[in-house]
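Below: a set of structures, written as structure tokens.
Here come two complexes built around subunit A, the first alongside subunit B, the second alongside subunit C.
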Partner chain A sequence: MEILDKLVNVALIAATLRTTAPILLVALGGSFTTKAGIFNIGLEGQMLAGAFFAVIGSIWTGSAFAGVACGVAAALAFALVFAVLVVSFRANEVVVGLALNILAGGMTISLMKAIFGTRGSIVGHGIVGLPKVQLPGARAVLGSWAPLISGFTPIVYVAFIAVPLLVLFYNRTRLGLYIRVVGEKPEAAEALGISITRVRYTASLLCGLLAGLAGAHLSLGYITMFTENMSSGRGFMAVAILIFSNGDPLKVLWGCLLFGFADAFSLRLQTFGYPSYLVLTVPYVVALTALFALSYRARPKIITETLASMQRLLSTDKNIEPGGKHPS
Partner chain B sequence: MVSNALGSPTLHMKAEMAVALTGITKRFGAFVANNAIDLAVRRGEIHAIIGENGAGKTTLMNILFGLLQPDEGSIRLNGEETVVTDPAVAIKAGLGMVHQHFKLVPSLSVADNVFLGMEIRRHGLIDHAAQIARTRELSKRFGLQVDPTERVGLLSVGIEQRIEILKVLVRGARTIILDEPTAVLTPQESRELFQTLRSFVAEGMTVIFISHHLEEVMEVSDTVTVLRNGKKVATRPTAELSKDELVRMMVGREVSFDRRPRAPSRGDVVLQVEDLWARDDRRLPALRNVSFTVRSGEVVGIAGVAGNGQTELAEVLSGLRPASHGAARLKGQNLAALSPREIREAGLAHVPGDRMVRGVDRNASIAANMLMGRQHRAPWSSSGVLNWTAISENASRLIKDFDIRAQGPGDAVKRLSGGNIQKVVLAREFTNGADFLLIDQPTRGVDIGAQEAIHDEIMRQRAAGRAILLISVQLDELAALADRILVMFNGRIMGEVAGDGADEDRIGMMMAGVAAPERAAEPA
Partner chain C sequence: MIRDRLREVSGQIIAIAVALILGAIIILLVGESPVRVLMTLLRGAFGDQEKIAGTLLQTTPILICGVAACIGLRGGMFNVGIEGQLFLGGFAAAWVGFAFALPPGIHMLAALALAVVAGAAWVAIPAYFRARYNTNEVVSTILSNYVAVLLTSYFTIFLFKRPGGWSETPPILATAYLPELFSFSRLNWGLVIGLVLALGAALIFRYTSWGYGVTMVGSAPKFAEYGGVNVKRQGFVVLLLSGAVGGLAGGIETLGVHHRFMEGFAPGFGFDGLIAALLANGSPVATIFTALFFGALRSGSLLLEVDTSASREIITVIQALIILSVSAQVLVKRRGDSQAGERRWKF
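Moving on to the complex of A and B:
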């Protein structure tokens, strides 16, 4: 019990919200492209570029918010290239996404080398991190529970407020509706004079915007540094969550919270001296298990049919009737 | 925009002719799809355009609606010369078109689909309540029963069509074009559609209705225009026409749907179905206590409104769906113990109801499609290697035998017309030496010429001693071909009538589930 108390407490939940924020943002960004019918595997690269250029911007301008703006601009540039290739030139979205991911990885490393002459990470150099927002009165009202709503960086708030906004966006705005229509039934959009190209560009850029914010959160949020491959698969995790949630903001939120919780939990476990290699796999194992469990119910028809016919085969093999398979 | 969603009557009341086409010609390369066609549609009438597949009906309507540009000719809408450059022009002039293939978004509600592209908004947000209220109002007014709040993905094709009609109404159409509207409907739904069409006319609207079904044209239209091979044959008031005349104008030769002559035959029982039960995809009972036999040399027809268990019956018999109770035996072998391939090898040939899904691979060649199901056998392959020479020669022969209009065995199936695709399926299934033919909707969406050829072929198979189970929603088809007709309703067999001199009224009663007259004694 004591161990459990030490593991699960307010600090853990606050940490969960903190670690959920970047993956939530990038997944919500991906929700735009998913809903618009684009399989965007390039989230990872957009996020990484956002993280790197947020640090660069912060160093150059001395302002965290200008840094965030630089990060977002870089992610938008990636998103634009993605959209040009995929939407206008109809290139394969997986190939383009992967290429941009590789580009982002390689580019950040070589720029790091060129600008700072180092490999591995950028620390110091006057990076300005994002301020933490202390909500006035939070402590007075919630007492020791205050860290649940107060003391996060602005991007964390943006991430969580974005969820209801996206729900509203998809259900009640014209652009949100058109994004869904373009993704689900492009020929219907076409017949009604909705420009598929324009809607998909818009969705891609909205995606870049949120992915850039997510990246900026990584490098300017709670640690102010950039390291190689800093996004460490969060973009891919977001892609997985998107596939299983079909881009629905609420389902995305649950998926991301689960991942964020596992992430925060593993950080906590490390302090207890468990082998770090194993501990680091926790969030991924938890997320994958949950996704598998979730998707098992919604598994595609072809799998259901295969399983059903296998079952049928097995059951009929057991009780072959005399007049059946082997008439003799 | 919404307040005058049904158009202001004053605007369109001037001219007597809602639509007048003059000398419309459209060529696709060397092929003349429309050849100097004149068409005048009076305001307030239901005008049917009838013709075989490929007669140019859809092309003409696409030109009228601005989806295609004519090479020659002119269009007058409401008396005004109009160049219909794109559908937006046509919609503005009060035209609306319900296409054969629906373009609805499954995850959206009915009302959202109806108003898609012209949403009602309040404070910049979509006003769902107003859209639902407006949809409900329109659906009541014209007898188009839908629940505006339901998701389209859960609805049947018949209801989807109503939504498409509502879409057109909301956009202010006064002249509504329907392209083969009944092809996807059950007889009941068709009747409801016809009532809706009449309510349009009662409100002063005009309906143009494309079809190749004689009965419904006779039933619902005021005027008929017949097209054949891209030319107009005639425009006549429906009341002055007989069905025979109409057929003659359509095909240019006599076609009869009369009962096919046959030699009496009484063979052995090939298929025996006993107390068969099965569930549908929603796990609800779809077949209940179904029992019947099919003997060699006889055609047993299954009649019924679509969706009363016929599909599930075909699936159980072909091994695609498990039975929950009871047994079907093909020449004594219990089908439940066999895989689909084993059932085929035990003597089943299957002409599936949906040929594009289960009948052919539309992207593959004719030769490949004719090979399917026997690719593992000599002479088509040996040691796992396909013998394309034999496959191709066989396909060429079948193309000739079954009179398939194609360039050759290498032609992709998707380039063929519906009737020819069906002949590809028949050619494959009828030549694999099976004793039992399971034939589901053989002439759905097929033109009259091809229908006749398909019926001839079925009768030849009967004469050759095959046992045939013919599932069809067309009563005249069953009356022409079947020796006995079983009527299905709600998963049960309601009764049996002899195919010879089949009493349509009695069948109709059973199809509606009203009465279950005593079943004729089964031949022992």
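Moving on to the complex of A and C:
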């Protein structure tokens, strides 16, 4: 029990919120593309590019927020290339996403070598990290629980505020509705005169925006440094979350909190002397388990949907073209 | 027919040319001369017979991983977990190599066999869920890569560390070595195994009904199902085979080159293999050439690091650019007709 007390306390919950923020942002970004019917495996690369250029921008301008802007711009550039290839050229999403991830990995390392002459990581050089926001009155109201809402970097607040905003966006705005229609029933969108291309471009760029913020949080948030491949699979975990949440912001939040907790918990375990290599696998194992467990649970839905669409197919006229939309 | 093939190949070459031009621009951006980089790459890859052997040595794992990826792609499966299968296969082979004493030859075969089993076992769970519940295999295999790399590091450093060594297992016994082809290089029979695998896979896809079924499931699953193929079981088998070949690649790398398992012993070969297979459009024979191309890039990049200020990762940038430009041109042509078909990877 005593060990449990040491492992689970206010500091752990605060750490969970911190580690949740980047994965939440990148997953919320991915929710735009998921809702628009694009499988975006390139989140990892956008995030990595965001992290690298945030550091560059921060050194260059001496301002953390200008650094964040640089990171977002880089992620947007990656998102734009993704959109051009996938939406306009109709290239395979998986191939383009993977290639962009590899590109981001190679490019950041090459540029690091070219600019700083080093391999591995960028530390110092005058990187300015993001300030921590102390909410006034938090300590007076919550006492020792204050670290739960106060003392985070601005990006953490943005991540959590984005969840309700996205719920409103999908349910209450025209663009949100368009994105959902384009993803679920592209034929209907076309019939309504919605430009599928334009909506998918918008969704991809919105995704790049949030992925860039997530990357900037990695390199300018709680540690101010850039290391090779520092996104370390968070973009892929986000994709796993998107698969079983179907991009719904609230479900994304729960999934991300789970991973943030796994992340923070594994960091904790390391300080207690468990072999770091095994402990580091925890977030990935959690992601895989969740992915498998929830796809098992989702099975009845797939079957019922298939049956329903078959019935529809049989009951309506027999002249439906064979190339029509396939369920699941 | 031949004209189609010619058009396809020429399209591929134009795409590579576009990528090389973009690559040249990036090389200029990092402050190097593209011509100097190209000459250094060529010298590093084909400068003398040792360099050529070095290129072939780098080609071997890329080729075998490429064949693994081809098997998956043919069956409509993206096995992005070859990297992890490679690591586990490599570790499994090393373990048999140092923990057991067996007669020469048999020892090596046993080690390779366990590498194959390890690779297949590692992909078995993602494969099962892909086949049974349609769980996206791209994500599950990518995530399992991270676990595989960390797990083998754990085995190496905590369980089987060579006393006094640095994050590596004890050396394997000489009875498990893959024989070398020449005296001046570590180039070994792995290359021959890779070529045989590539040709064998091509023959199986071309001349057996099973291979035909796999290709059908990959390109037209409805048609294959109608034709009596058990699509689910076949998807499972395809991923398992792909993983087995990935594990074999790792075993060959340990038994032929390093003669021990080291942390991070073969970085990126799995991804290079996947890219080589994508560039070859899933054809095992064409993968021989794309793997050679990437092997030359890799081998040349070693000299790049020494002779120029550019980092060797510049070649991964070039590889990625090639894939991006190829993906654009191939699919503009093929997928222009249908909306439904191209959303195959939607979940």
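Quick notes on this one:
Basically, the second predicted complex is superposed on the first by the 299 of 328 C-alpha atoms of A that agree within 3 Å, B and C clash if a C-alpha of one lies under 4 Å from a C-alpha of the other, contacts with A are read in each partner's own complex, and residues count from 1 in each chain.
Basically, a residue touches a chain if its C-beta (ideal position, glycine included) is under 8 Å from a C-beta of that chain, and two chains touch if they have at least 3 such contacts.
These figures come from a predicted structure and were not determined experimentally.
By the touch criterion stated above, A:L24 is placed in contact with neither subunit B nor subunit C. Look at A:M237: by the touch rule set out above, it reaches subunit C but stays clear of subunit B.
In the superposed model, A:A188 makes contact with subunit B only, not with subunit C. In the superposed model, A:A214 makes contact with neither subunit B nor subunit C.
Contacts of A:V156 after superposition on the shared chain: neither subunit B nor subunit C is touched.
Taking subunit A as the reference chain, the count of touched residues is higher for C when subunit B and subunit C are set side by side. Using the contact criterion defined above for the overlaid structures, shared-chain residue A:L130 touches neither subunit B nor subunit C, since it reaches no partner.
Contact with neither subunit B nor subunit C is seen for A:A49 once the two complexes are overlaid on the shared chain.
The interface of subunit A with subunit B overlaps its interface with subunit C at residues 187, 323-325.
Taken in their complex, subunit B has these residues touching subunit A: 88, 103-108, 112, 116-117, 119, 121, 124-126, 128, 322, 329, 332-334, 336-339. Of all the residues in subunit C, the ones that touch subunit A in their complex are 26, 29-32, 78, 80, 125, 129, 133-136, 138-140, 142-144, 146-147, 150-151, 153-154, 157-158, 271, 274-275, 278, 309-311, 313-317, 319-321, 323-324, 327-328, 330-332, 335-336, 338-343, 345-347. Of all residues in subunit A, only 168, 171-174, 177, 180-181, 184-185, 187-188, 191-194, 308, 312-313, 316, 320-321, 323-325, 327 touch subunit B in the complex they form.
Here subunit A touches subunit C in the complex through residues 37, 39, 41, 81, 85, 89-96, 98-100, 102-103, 105-107, 109-114, 119, 186-187, 232-233, 236-237, 239-240, 243, 275, 277-278, 280-281, 284-285, 287-288, 291-292, 295-296, 298-299, 302, 323-326, 328, going by the rule given at the top.
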